[in-house]
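Okay, so chain A shows up in both of these, paired with chain B first and chain C after.
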Partner chain A sequence: MWSLLQIELFKISKRPRTYLSFAAITAIVLIFQLAFKADGKSYMDLMLQNVQDNFELNKENAINGYFMCYIILNTLLVQIPILVALIAGDAISGEANMGTLRLMLTKPISRSQIILSKFIASFIYTILLLVWMAVMALFLSILIFGMDDMLIFRVKGEESQILQILKDDVIWRYFAAFGYAAIALTVIAALALLLSVFAENSIGPIITTVCIVIIFTIVSNLNVPVIDKNVKPWLFTSYLVGWKGFFYIGTNTEGQPIPGSIENWPAIRNSLFILIAHIFLLLGITIAVFRKKDILS
Partner chain B sequence: MLRTFFLSCLLLFSKSMLAQDIKGLITKVRQKIEKVNDYEASGKMKTNVAFLKVPLADVNVYFKKPNKLKLKSTKGVSFIPKGAVSFNINNLLSEDFSIIDAGTDKIGNTLVRVAKLLPNDDNSDVVLSTIYIDPVNNLLLKSKTTTKESGTYELLLSYGKYSEYGLPDKVVFSFNTKDYKLPKGITFDFETSSDNKAKTIKSNKGVAELLFSQYKINQGVAESIFK
Partner chain C sequence: MQTILEVKNLTKHYKQHTAVNELSFHVNQGDVYGFLGQNGAGKSTTIRMLLSLIQPTSGEIYIFGNDLNTHRNEILQNIGAIIERPDLYKYLSAYDNLSIFAKISNMKADRKKIMEELDRVGLADRYNSKVNTFSQGMKQRLGIAVALIHNPSLIILDEPTNGLDPQGIADMRKLILSLSYEMNKTVMVSSHLLSEIELIANRMIVIDKGKKIVEGSVRELLDPSKTSLQIDTTDNDLAFVTLQNTNWTGSLVRKADRIELQISKSDIPLLVKHLTESNIGIHALQPRHSLEAYFLSLTNPENHVEPVAN
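Moving on to the complex of A and B:
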């Protein structure tokens, strides 16, 4: 199994598209940082709106590394699943396309092992992608913009809120958020891997995965009560943004944030369970389908 | 007839005495605070606004005669209420205004004299100020100021060891806030079932509570701080 995983990782490392993902993240993050360095105040003005009529805010301090990373992660929400699908969607279909799948199955390895090794390799790639994102979006932003208290702009139910997290209380939230994101993106990897089993070239599963993510994300954000109640809970994309829950700090009766607290941990925990269940379900279906599949290519 | 004339005279006389009294009282309050040429105070600010969930802020307040006042946070990101400068009593009493005696009232257990101040300058942003003065200690305990641009401000002041200078230990500053509404969808929020149920009574009133721990009085404050 270990050798199989090593081979899969070697294959991923030899594909140019692997590095394309890292380059894309680097480019997007750098563009964001450059834009905010040049004119971050305009964004702040947009978010603060008429708050500025009543309050003065030291915006230079508010646009800091922690705030930047949150903004970048928020925006990359749609792009990162595409990058994950690029690799996971190619795992089986790429082999089928090149004609190496049949050759591979002549070896004394079980089909389940092949799927598992490809899944773990995709998972490792996802983790590396997130680590790179943490380096670029968090640590580089801290280097450029410094560290200070973090502001979160949020719509909760019918009301808009501005939350402030003290700077000593932020970094653990990022570690937790990146951990959550790893699980969320693994669902995408599992989905792309499943679709990859049905195809004989990698374009199909990659595009299908991306389409599913985009359609589900749009439906998740429609804000129509009927959909919110009946459809949204069944879409895994509703839970992809659960990492933000770590930044929704709990408050006391006077509305002051409580350091070290999370407003709604049960909601995050439930979302995690749902995502993990999706991973097992998709992986299980992939193994079941692949074991019974006639390999003709 | 003679009786009515005397009664009217007595009424007019007592009214003018009362008016003199309130003017005298305001002069005494003014004299007290005029002992302070400048000060620097450190303290904590608690902000209570429906849409702002912010922690206690460490703040410094700087004042310099005649009416320069700056409220600054010492660290971190902080939302400083813009009208907070109105807690400067010098500012409140420095304008040229007409005084109307509004009788007496009670703040807690303290009997206070109430005066309404009407600015004589038509261009003044202040429309009307109502001040409540403790006549025993010559201290301003409360004020309500209605402005043309920024609504109504209210101040509640408590005094401690710096009362001889008319400097409060605690200021509760109430002000009007505007609605804060972000367009749904731009923040891509993580919604939980409790979020949809969350409906709180919206208040357009904000309160900032300032607690001063230490004053440095008449030790000089650099001009650059107010820029």
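Moving on to the complex of A and C:
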């Protein structure tokens, strides 16, 4: 199994498309950083236009490395599923298309081992993407913009809120958020891998995964009570942005933030549980389907 | 002779279509076993079932005395195969491809062993070149190296000469023979060309529409005494009447543009002499093995010939 995993990682490392994802992340993050370095004050003015009177802030320090990373993650974590699908969606279908799948399956390894090694390789790839994002969006931003207290702009129900997190209370939240994002993106990898089993070229599963994510995300963002109650709980996309929960700091009875706290840990825990259940379910279906599949490619 | 591979009543249905139908055969140790059938006869489906790429609808497969269903990995550890094309990782080098498949085959292949294998198939000097720069013949040779890297005792080759130029075909033939005679491997090789099988196999099976037509030793099945002769003469009607009065009346048939009959190869000169003495000129005379005639009739139903008895 370890040997198979090494082989999968070696194959991923030798494909140019692997590095496209890292290049894309680098380019987007740098554009954000340049834009905010050049004119971040205008953005902050816009966000704070309604609260300036009753909220004492140093706007210069508000645009810091922590804030930048949050803004970038908010944007990029919607696009990252596409990059994950590029690799996971190609895992089986790409081999079928090349004809190497049938050669591989004539060797003394079980089909379950093949799926597991490809899944773990996709997971590791996802982790590496997130580590690169952390390096670029968090650590490079800290280097460029420095560290200070972090502001979070949030819409809760009908109300707009600004949360302030002390700078010493931020970094662990990022580690937790990246961990959560890794699990959320692994659901996408598991979905793409499942679709990959049915196809004999990689375009189909990659596009289908992206379409599913887009459609589910749109439905997850609809504010219709009947959908809120009956549909959203069943869509994994409803839980993809759960990482933000780590930045919703808990408050005391007087409304003061409590350092080290999270407003709604049970909700995050439930979301994590649902995402992990999705991973196991999708992976289980993938193995069951692949074990029975006739290889005709 | 020890049986290496035994197939019993193997069947594969795809919805309404039956690709393989109650097929039974066996391959003995040391055989070069020809698996002959026209395109679409069910050869590839059968081979894929032997390699557990396709699940049979029914039937049993025993390889090295073990049931493929229950001893899959153990069996595949001892099989090397190329199915249709030798598709490899095009973005990797020959060395990397071989190294990967050696690892997958649980083979601890060091650099020396891999280079030896590449040298054996004449690719040592291109070890670092990516496969997408290789010709079809080079890919085929690398495919053979991949099939042999773990030193299997049974080699299964599905249409190994497809897409090769004449030199490539000759090299492949030589390689298959060397696998059997020099390396003592058992080889099962499929083809839609009887001439190919005739040159390399000692035993063979002919299948059509997924069913066995005939199985046996190539020498017996292509026995010269079972030659089918097609004759076109200056006067086919007169030649037909003349031949009806001879001993060669077995399967004598008058076709629109020729006469056909079964005859021993050694009798052909006598037949020519007899027609010439009867003042009948010969335009064309085409001897064919009965099996070849039957096999050709499969691809051209107008020339229908009954199957040869086993």
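The definition used in the following text is that the second predicted complex is superposed on the first by the 293 of 297 C-alpha atoms of A that agree within 3 Å, B and C clash if a C-alpha of one lies under 4 Å from a C-alpha of the other, contacts with A are read in each partner's own complex, and residues count from 1 in each chain.
Note that in this section a residue touches a chain if its C-beta (ideal position, glycine included) is under 8 Å from a C-beta of that chain, and two chains touch if they have at least 3 such contacts.
Here the structure is a predicted model, which is why all the values come from computation and not from measurement.
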### Query
Once chain A from each complex is brought into register, does chain C clash with chain B or fit beside it?
fit
### Query
Should A:I295 be classified as contacting the first partner (chain B), the second (chain C), both, or neither?
second
### Residue contacts on chain A - larger count, chain B or chain C
B
### Message
In the overlaid three-chain picture, which partner chain does A:D148 touch, first (chain B) or second (chain C), both, or neither?
### Response
first
### Query
Should A:K107 be classified as contacting the first partner (chain B), the second (chain C), both, or neither?
second
### Query
Which partner does A:G99 reach: the first (chain B), the second (chain C), both, or neither?
second
### Task
Could you look at A:I7 and tell me whether it touches chain B, chain C, both or neither (first, second, both, neither)?
second
### Query
First (chain B), second (chain C), both or neither: which does A:Q161 touch?
first
### Task
State whether A:R15 touches chain B only (first), chain C only (second), both chains, or neither.
second
#### Entry: Gap in Å between nearest CA atoms once chain C and chain B share a frame through chain A
40
### Task
Would you pull the chain B residues touching chain A in the complex into a rising list?
46, 48-56, 73, 76-83, 175-182, 184-185, 187-200, 202, 206
#### Entry: Contact set on chain A toward chain B in their complex
47, 49-51, 53-58, 61-62, 74, 77, 148-151, 153-164, 166-167, 221, 223, 228, 238, 241-245, 248-249, 251, 254-257, 259, 264, 267, 271
### Query
Can you list the residues on chain C that touch chain A in the complex?
48, 51-55, 72-74, 76-77, 79, 81, 83-92, 96, 100-101, 103-106, 146
### Message
Using the touch definition from the top, list the residues of chain A that touch chain C in their complex.
### Response
3-4, 6-7, 10-11, 14-16, 98-100, 102-110, 292, 294-296
